[in-house]
Each structure stands twice: as C-alpha cells, then as structure tokens.
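These are the structures in question, set out in turn.
Each of the next two complexes has subunit A plus one other chain: subunit B in the first, subunit C in the second.
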Partner chain A sequence: MMAQVLSVLVWALLLSGAFFLVTGALGMVRLPDVFTRMHAAGMADTMGAGLILVGLCVHSGVNLVTLRLLLVLAFLWFTSPIATHALAKAALSGGAEPYTLAGGDEGERGTEAEGGGMS
Partner chain B sequence: MNRVLWLWGILFALWLPLSDHYEPLFLFFGVLTCTIAVFVGARMGIVDRESVPVQLVWRGALYLPWLVWEIFKSNVRVARIILTPRLRVDPSIVHFRASQLTDLGRFIYANSITLTPGTVTTGIVGDDFEVHAIVQEEIDGSEENEMNRRVVVLEGEGA
Partner chain C sequence: MFAVTAAALLVAMCLAMCRALLGPTAYDRVLALNNIGTMTVVLIAVLGFLNGRPDFLDLALAYALINFIGTIAVLKYIEYGDLGTSGGPRRRNASRR
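Up next is the complex of A and B:
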C-alpha cells in the first residue's frame, strides 16, 4: 500500500516536472524575444528540474543518493539565476531591444506573436 | 577564525557523502584536501561574511520555503501565459530601489527575483535594481515588496 502511494507520488512529481519542461520549451518557441524567452527557460530550470529531482529523491528513499540529488538541486538553483543574469546583461549590452507591446519598430513582431499561437 | 572552522566543517560535510569511502586512507585525503582548501582561502583573505554566510543559516531556513512557494506560484502564472492560445505578454523593464544594506543582501534579492520565472534582474547599480518582467503586473504587485522585505529580514543587519 505504502509502496503504491509512493509510486503514485513519484510519477506525479516526474510528470509535473516534465510538464514544466515541455511548457518552457513551448515558451521558447512562442515568446517574441530573448528576454521573454529567458522567463520560459527559467521555468525549466526551477520547477522543471526541481520537481523531477524531488521525484527522484522520493523514489530513491532516504540514503546518500537523495542527499546528492538535493545537492544537484541546490547548485542548480544557485547557479541558474547567475547564468540568466549574465545572458540578459550580454543581450542588453549587445544592443538587443526588449520587445514591448507599444514598441514602434517592434510592432510587426507583436502581431506575429499574437497571431502565431496554437489557434 | 570561527568562520574558518565553519568553512572546514561545511567542506568536509560536503566531501564525505560525495566520496562515500570511510577507510582511514580516504578520510585522511579528505581531511587533507579540506585543510588545504581552507588554508588557501584564509591566506587569500576571502573567508568573510560574504563567502561563508553562516550568520544567515537559521533565517535562511525560514526564507527558503517561502521562496520555493513563490517560485511555484510564478511558474504556474508563466505556464498559463505560455499555454494561453492568444499570447498575452506585456514585457517591460522596471527600475526600483531595493532596501538591502549589504551587497550580499542585494545578491540574494536579485537572485530570488531571477529565480522566480516572469522576472529577471538585468542590472544593479548601488541599490537601483533593473528588472525585466514578462507582464508588467508581475513587478507592480505587492509580492515584489514582500520579497524585498523578507530579504531585509534575512539579511538581518538591523536598519
């Protein structure tokens, strides 16, 4: 009984992690510019990887593997915002114009972003 | 001095489960490695409040669950934005002042902002934060102030 509850919990965690990974990947395609896409990538870093690693922790039980998985998660959550920040800063100094709804010369990409949906 | 001992303890506590060898020879190697690393760090003068912030451990244990919950909530919000058939993004770059007193506090606040999807810190000059938000409401709301307040409490420098 206990094993079944754990197994369901593990699957729920792994699948919801996978959901955030897929949604993040979809966001990479759908969102209009590098800055908005970073938010989608951040989703895969935080909840995508996080839920999958926690799911693996529950699967492995209480042992050294669990501790190592939690260390992976900790290092990931410490380093990924720094990578994101470096990317944003590089994009800004490289002259990338952030997409805005009002944005003059970016207007065409606005309609593309709205029309390019799943409809 | 106390902080040097803390660093050694943390390094060894990290090394031991990662190695998972408890023979005297390997334990000796571990002790030796940690000691050399701490010695070099201490000689370089980089073992301080910023690199070994043990003063934050207890308040950090309170801050972390709240941060994880915020990360979860904003993940759901960004997922909803991406999965809505008509894409409704309204990105903008916002400037505001952060209340942290130390660089470490600002670093934690900036990383917390970036970790929550929907907001990314793109630059800090002094206490002026430059943040890119996927929809403006993400940054206008009271949650950013709440995070600011909580990081000030975590920093615990006493205003």
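Up next is the complex of A and C:
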C-alpha cells in the first residue's frame, strides 16, 4: 500500500515536472522578447527541474543518493536566479529593449494595459 | 516513468535548441544554452535512475557548476568585451584606466 502511494507520488512529481519543462521550452520559442523568454526559462528551471529532482528524491528513499539530489537542487536554485539576473543586466546595458504592448501595433490592448497599470 | 521524463526532457531540449539557433540576439542564445545546461543536469540524473545506477549524480553536480560558470563568463565577455576586467559599472571606465 505504501509502495503504491509512493509510486503514484513519484509519477505525479515527474510528470508535472516534465510538463513544466516542456511548457517553459515552448514559451522560450514562442515569446517575443529576451526578457519574456527569461521568464519562461526561469519557470522551467525552478519548477521543472525542482519537481523532477524532488520526485527522484522520493523514489530513492533516504540515503546518500538523496543527499546528492538535494545538493544538485540547491546548486540549481542558487545559480539559476544569479545567471538570469546577470543576463537581464547584460541585456539591458547591451541595448535590448523590453517588449511593450503600448509601443507595438496592438494599440487597443496597449491602452488596456495602461489603464490596468494606473488603477 | 523515467523514460517518459527523459523523452519530455529531450523534447524540451530540442525546443530550446531551436531558440539557440534562431535567436535574434546573443542574449537569446545565452539564455537558451543556460536552459539546455539545466535540462542536461536533470537528464543526467534521470538517466542514472533509468539505468539503475544513480552514481551519475556526481557528474550532474559538476555539470551544474560548470554550466553556471560558463554562462557567467560568456555574459561578462559579451558585456565588457574582456574577461580580465574587474567588473566596473561601464566599459568606458575600464578602458580609461
């Protein structure tokens, strides 16, 4: 009984992590700007890798492998925001302009976004 | 279940590789390569469990650190044009000295 519950939990964690990874990669292909792509990649890094590694932790039980998995998870969760921050800083100082709805050809949705920002 | 996760990881890596090849600016390519590195770390861990040998986790640990250092080095090279600068606020201050 306990093994079945653990198996279902591992399945759910691995599949939701894989879903987040594929969604993040899809967003990185389809979103219009480097900053919005950074947002999609950050979600894939945090939730996708995190859920998959936690699922592997649940599968392996409590031993030295779990410690290594938690170390990998800790390194990923420390280094990914730092790399994203450095990338955003470099992109801003390098002249990449953030994509805005108001400046493009979608004027109607841009005014909606401005109204939402003011209220 | 590890095979399904590995397949999803490979699909996500293919999509990120599309962005790395198509990316209009260098920052898109750096972002895609950083994401591919993160997914490689997870793929190494999943493949270790798939083969029944979780010893590959040490490789994943080392690869995570190498990926981070590589990303930071490439970003510093793009921003300052030089890996040896002390990282001042602007490129002009570094070139005046």
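Just so it is clear, the second predicted complex is superposed on the first by the 103 of 119 C-alpha atoms of A that agree within 3 Å, B and C clash if a C-alpha of one lies under 4 Å from a C-alpha of the other, contacts with A are read in each partner's own complex, and residues count from 1 in each chain.
The rule is short, and it goes like this: a contact is a pair of C-beta atoms (placed from the backbone, for glycine too) under 8 Å apart; a residue touches a chain by one contact, two chains touch by 3 or more.
Given the structure is predicted, the values throughout are model-derived calculations rather than measurements.
J.: Based on the superposed arrangement, let me know which partner A:S60 touches: subunit B (first), subunit C (second), both, or neither?
T.: After superposing on A, A:S60 lies in contact with subunit C but is clear of subunit B.
J.: Looking at the overlay, what does A:L15 touch: subunit B (first), subunit C (second), both, or neither?
T.: In the superposition, A:L15 contacts subunit C only.
J.: Under the stated touch criterion, which partner chain does A:P32 make contact with: subunit B (first), subunit C (second), both, or neither?
T.: After superposition on chain A, A:P32 lies in contact with subunit B alone.
J.: Touch test for A:L76: subunit B only (first), subunit C only (second), both, or neither?
T.: After superposing on A, A:L76 lies in contact with subunit C but is clear of subunit B.
J.: Quick check for you: in the superposed arrangement, does A:L101 touch first (subunit B), second (subunit C), both or neither?
T.: Touch status of A:L101: first partner only.
J.: Please indicate which partner A:A90 is in contact with in the superposed arrangement: first for subunit B, second for subunit C, both, or neither.
T.: The answer is second: A:A90 touches subunit C but not subunit B.
J.: With the two complexes superposed on chain A, say which partner A:M47 touches: subunit B (first), subunit C (second), both, or neither.
T.: The first partner, subunit B, only.
J.: By the touch definition at the top of the document, which applies to A:R68: first (subunit B), second (subunit C), both, or neither?
T.: A:R68 sits against subunit B and subunit C alike.
J.: Return the residues of subunit A at which the contacts from subunit B and from subunit C coincide.
T.: Touching subunit B in the first complex and subunit C in the second, residues 19, 24, 26, 38, 68, 71, 80, 82, 84, 89 of subunit A appear in both lists.
J.: Which residues, counting only subunit B, touch subunit A once they are in their complex?
T.: 14, 17-18, 20, 71-72, 75, 78-79, 82-83, 85-87, 89-93, 110-111, 114-123, 132, 134
J.: Can you list the residues on subunit A that touch subunit C in the complex?
T.: Listed in rising order, the residues of subunit A that touch subunit C are 10-11, 14-15, 17-19, 21-22, 24-26, 28-29, 34, 37-38, 41, 44-45, 48-49, 52-53, 56, 59-60, 65, 68-69, 71-72, 75-76, 79-80, 82-84, 86-87, 89-91, 93-94, 96.
J.: Going by the contact rule at the top, pick out the subunit C residues touching subunit A in the complex.
T.: Going through subunit C, the ones touching subunit A are 1-2, 4-5, 8-9, 11-13, 15-16, 18-19, 25, 27-28, 30-32, 34-35, 38-39, 41-42, 45-46, 49, 54, 57-58, 60-61, 64-65, 67-68, 71-72, 75, 78-79, 90.
J.: So in the complex, which bits of subunit A are touching subunit B?
T.: 19-20, 23-24, 26-27, 30-33, 35-36, 38-40, 42-43, 46-47, 50, 64, 67-68, 71, 77-78, 80-82, 84-85, 88-89, 92, 98-101, 113-114, 116-119
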